[in-house]
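Multiple structures are listed underneath, in structure tokens.
Two complexes come next, and they have one chain in common, chain A, joined by chain B in the first and chain C in the second.
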Partner chain A sequence: MCGARMNDQEQQPRREARVEPVSTARGLGQGRDHHWGEFLVENAIRVLGFSAIGFVVLIFLFLLQEGLPTFFRVELPILFGQRWYPTFDLYGTMPLILGSVLVTIVAIAIALPLGVATAVFVREVAPNWAREILKPMIETLAGIPSVVLGFFGMTIVAPLVRDVLGAPTGLTAFTGALLLAYMSLPTIISVAEDALDAVPKSYRDAGLAMGATRWQTIWRVVVPAARSGIITAIMLGMGRAIGETMAVMMVTGNAARMPVTADSLFRPVRTMTATIAAEMGEVARGSTHYHVLFGVGIILFVLTFMINLAAASVIFQKRRRGGLR
Partner chain B sequence: MIAALSLSSCQRVHPPNATPPVPGTAPQTIENKGSDTLVNLALAWAEAYIQARPDVRISVTGGGSGTGIAAMINGTVDIANASRAMTEEELRASRVNGIEPIEFVVARDAIAVVVHPDNPVDGLTLQQISDIYTGKITNWRELGGEDRPIVLLSRESNSGTYIYFLEYVLRMGDTRSDLLFSPDTLLLPSSEGITAEVRQNPNAIGYEGLGYVTGNVKVLGVAVREQDPYVMPSVETVNDGLYPVSRPLYMYVRGEPVGEIADYLNWILTDGQEIVLELGFVPLEG
Partner chain C sequence: MNNLITREDTNLVAKLARTIGASPKLATEASLAQAQAETNVRVGAAVSAGGMTIENLTAGFADFTAVSNISLEIIPNKITAIIGPSGSGKSTFLRCLDRLHEEVRGAWAGGRVLLCGEDIYAAGVDPVQIRRRVGMVFQKPNPFPTMSIYDNVAAGLRLNHFRRVPQLDEKVEQALRQAALWDEVKDKLQQSGAALSGGQQQRLCIARCLAVEPEVILMDEPASALDPIATLKIEELMRELAREYTIVIVTHNMQQAGRVSDFTAFLMMDEDRAGRLVEYGHTKQIFTNPKDKRTEDYITGRFG
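And then the complex of A and B:
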């Protein structure tokens, strides 16, 4: 398989795939004499592994502790209302939730065809030398700091959106979605490419042997066989998109309007992440506004969790049907 | 926010109601608290002042004008920063405590309304600006400009400028008004963000502290009513009180200041004025 560096978004599925080799290694170790060093290292790794889980749990508890008071302090009709004016105790989170959802969905709608097509090209079509160049380049894309992309978006993409698409301002949901699509592409491509890689060669051979063209084999056999991996790629890309903050804050205009009109895509929006980032720095600790921002964090967490759950259930269903992976 | 400032032995005159220095302990600190609008300016003053006077300590805290004034009345701070004058109620409360607050105007805060350089509109009335920002007027055509949608730019809602603009322009000083910024208002995290968007976008209108206005944008004249003259903001028009979107910024002390506090206030009103413009405010004239 590809041996290139992976970034943190991609580590999750990869870690899963490596569970078996690790346990085999331990099996081999047990056969040998017991080494002190090995014992220490093994336990150190175990402690580190569990502490990672521990930290996640602690962060989650902290989020709950700071965020849950929101749901008691602010009446629910206000909390899920349409007006976000925190300075005047109007904490309607609906524009923020819908803003995040709109930007994320559009970003994925842009990134999905591009990402899957690129993965197919890199894995199935490109000659070896091109693959060797393309793969590291795609992975480098993931390393561009989001604030740099945000600046690029503000100075280059936003004026283009205004001039070409005729929007009143270039700081729109669409501008944010374009940047997010770009940012989630490396994740989608890498994971989808791994999924294609996992399709056994026999499938391709069988397809070609049945008289299918190369394109038919790719489109009708290989891609459907890798479907669950591709869906994981999309979910991970979505997770990246919905949680992204800096670039989004810089290019979406941060107007807390309800994105429900037909032209909303080309109007400013305010996302949950941008709201937390912009307001947390100045808010008085322990105030209602402070708790509401954590409450928004909980809502964001629940949304991300649901996306991951959806991804997991797709994979699980696929397994039960005896599919790949 | 607290500015940690330098220390040294303190052998100067002390304010009457401060405890006398015990030899060998830290020197007397000037406690300075109040308006969040003023906090950055107060910090800059404190930092500049201790460069010249390393034997003084000044601590600066935000929290809001009301908080600062209350602390000054209670005697926990020496100087209260306020972006508004003290109310009758606050004056009464301080007299009950036996304190006669002395008011100093230390700088002025003026907000410039800016548009793209190609925008043909030269001036607006307060009512028009209010209607624009509350979403009643949505096209430049209604203001004698081109047929273009208006894109509203504002600072984030935690900025002192946001609150001031809302209270004095949108609500035109009416405390019972519940007008709010239109939900279509773009909230940008910095003055630079507003300048950048106004510079490129002919639809945009924005506001920012007068000291932050740079070239490449067009500053609009503002009139109180339609028949009044449209006044361009400048250090002169702000100091003369002609430009309507401006307000004095205050420091209050307990009684006639003496010693360190008097020296500090004197410095603020003279040499301290040099850095006021850098922080987006308008220096006092003369």
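And then the complex of A and C:
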């Protein structure tokens, strides 16, 4: 009854509009007056939304403003040199970049098989009740503060690495990679699991009906079909690993040496993030060192951006192909 | 008594053929004459290669019974159509025939399903082996999205080989020819199967199914997602395949059942929503002279 009346009211201006265009303008004007509250809320949301974008842009501009002078103040061969001795004005960022890359790649190399295997287990193998316990547990892992993990790494993992692998110190790139692998696991597992979940049942059926065992079906049909989602999971895990600071700073030993020798993995290393975190508090504002640290920030940003871009392009390609349905 | 002997005879022929590794044809030909000679569906024929006997099959999910107490015989080298209204358990019934039903969580099945006289639900029978002997084609074309056309067909053959499969190229070509797809795809075997049209994709799925040389092919509404011309092609293909294979097809389309099938089974759900077999017989008889009132009503379009 009420709905019908409202319909009538709405339709009346439309009927008028067909006869007399002038009344349309009045009708619309009235509508706006009536809905000025709507207008207010809409614009408030718009302002808030744009301000979020604005803050991101401002941070980025600040990073550029403080970081770009680096590339004028320090000669490029020195900036990408092999020695990082800020006290002697040697700002070679190569050890830091390679340090970050080494730790991240090893971390992903450890986390990828573990993460994908866990995702396959949770989605394809585990019985319902186990999945219901496992999923929240894995998601809780992501919430452990990195400083706690760093502490755990220092007191438990580092001595283990030293004793088991015979490294001179337990604070090595490998220790850092282990912790980072642990930290990126929840991301990888939950994204990969979603990707597996999105594989249509019809592909599983097709695999099984062909005479494949359950394992063959998972390995040859389901996992390849979820490939793009799994790649996204790796990229996201990498993004988390390369940007991680605290745990890495606590366990990698922070020696800015070039990780190019064969045993580098089991020697101390210094990452970009740890460098910024450790040194930013001690530099004079406006000094070359200060700007270089921001420069390192820019390099880190570019690296992360490239990883995200790669992940996004994979997702984009998948969409363009019409998705996996 | 006479029946019993026939059954054991054909069983023996089938087993012999299997053990000496001959193509199922040998056994099939032996029983074909017999099957053709029979004017009605009778115990015995289904025991030979490619024949299936379903005895008191009851299946469902958790506390829901989807099909109840179905018994019928699938005659080798014939096309058997399963028709019935939505929800009458046609698909569940079909999925029981290659033990795919049990892959769904909470699914259960009881009764006996004999393939060439062997109970596929007997203890110790590997469902994977059964599925290689009983292939399946699904409603929606589902070629593996990440594989090329060639790999799609080869996938089944590669399952048991860690290295190169002997004569893989020949086998892939043969399967594609059987599925009447070879001429259309021979120049683009390395392209993705997803790039083909719907009808081609479905024939690719049929080729994938044929490549492992099954004895029985189950088809779950294979043409319902296709346009009329592609549907016609699939139907022609089915007639062609029936020379060598036993085919069971679930279909919503009664004209299709009438056009392609030799035998028709009509399933319908009861008050308890479980699907039951109402009538089974020669397609001609089911469509022209149904014995059951419900079959007649369904055939003439009075419901469903």
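Worth a mention:
The rule is simple: the second predicted complex is superposed on the first by the 268 of 325 C-alpha atoms of A that agree within 3 Å, B and C clash if a C-alpha of one lies under 4 Å from a C-alpha of the other, contacts with A are read in each partner's own complex, and residues count from 1 in each chain.
One rule holds in what follows: a contact is a pair of C-beta atoms (placed from the backbone, for glycine too) under 8 Å apart; a residue touches a chain by one contact, two chains touch by 3 or more.
Since the structure is predicted, the reported quantities are computational estimates derived from the model, not experimental observations.
Of the two partner chains, chain C is the only one touched by A:A212; chain B is not. Once the two complexes are laid over each other on the shared chain, residue contacts for A:A225 go to chain C alone; chain B is not touched. In the superposed pair of complexes, A:R131 makes contact with neither chain B nor chain C. In the superposition on chain A, A:A278 makes contact with chain B only, not with chain C. Put simply, more of the residues of chain A are touched by B, taking chain B and chain C as the two choices. In the superposition on chain A, no chain A position is in contact with chain B in one complex as well as with chain C in the other. On chain A, the positions that touch chain B within their shared complex are 82-88, 90, 95, 154-155, 158-159, 162, 168-171, 249-250, 253-258, 267-268, 270, 278-279, 281-283.
In the complex of the two chains, the chain C residues touching chain A come out as 98, 100, 103, 105, 128-129, 131-132, 135-136, 138, 140, 142-147, 155-156, 159, 194, 205, 208-209, 212. Listing the residues of chain A that touch chain C in their complex gives 128, 200, 202-213, 216, 220-221, 224-225, 227, 321-322, 324. Note for the complex: chain B touches chain A at residues 148-151, 156-158, 162-163, 180-181, 183-189, 193, 196-197, 200-201, 203-204.
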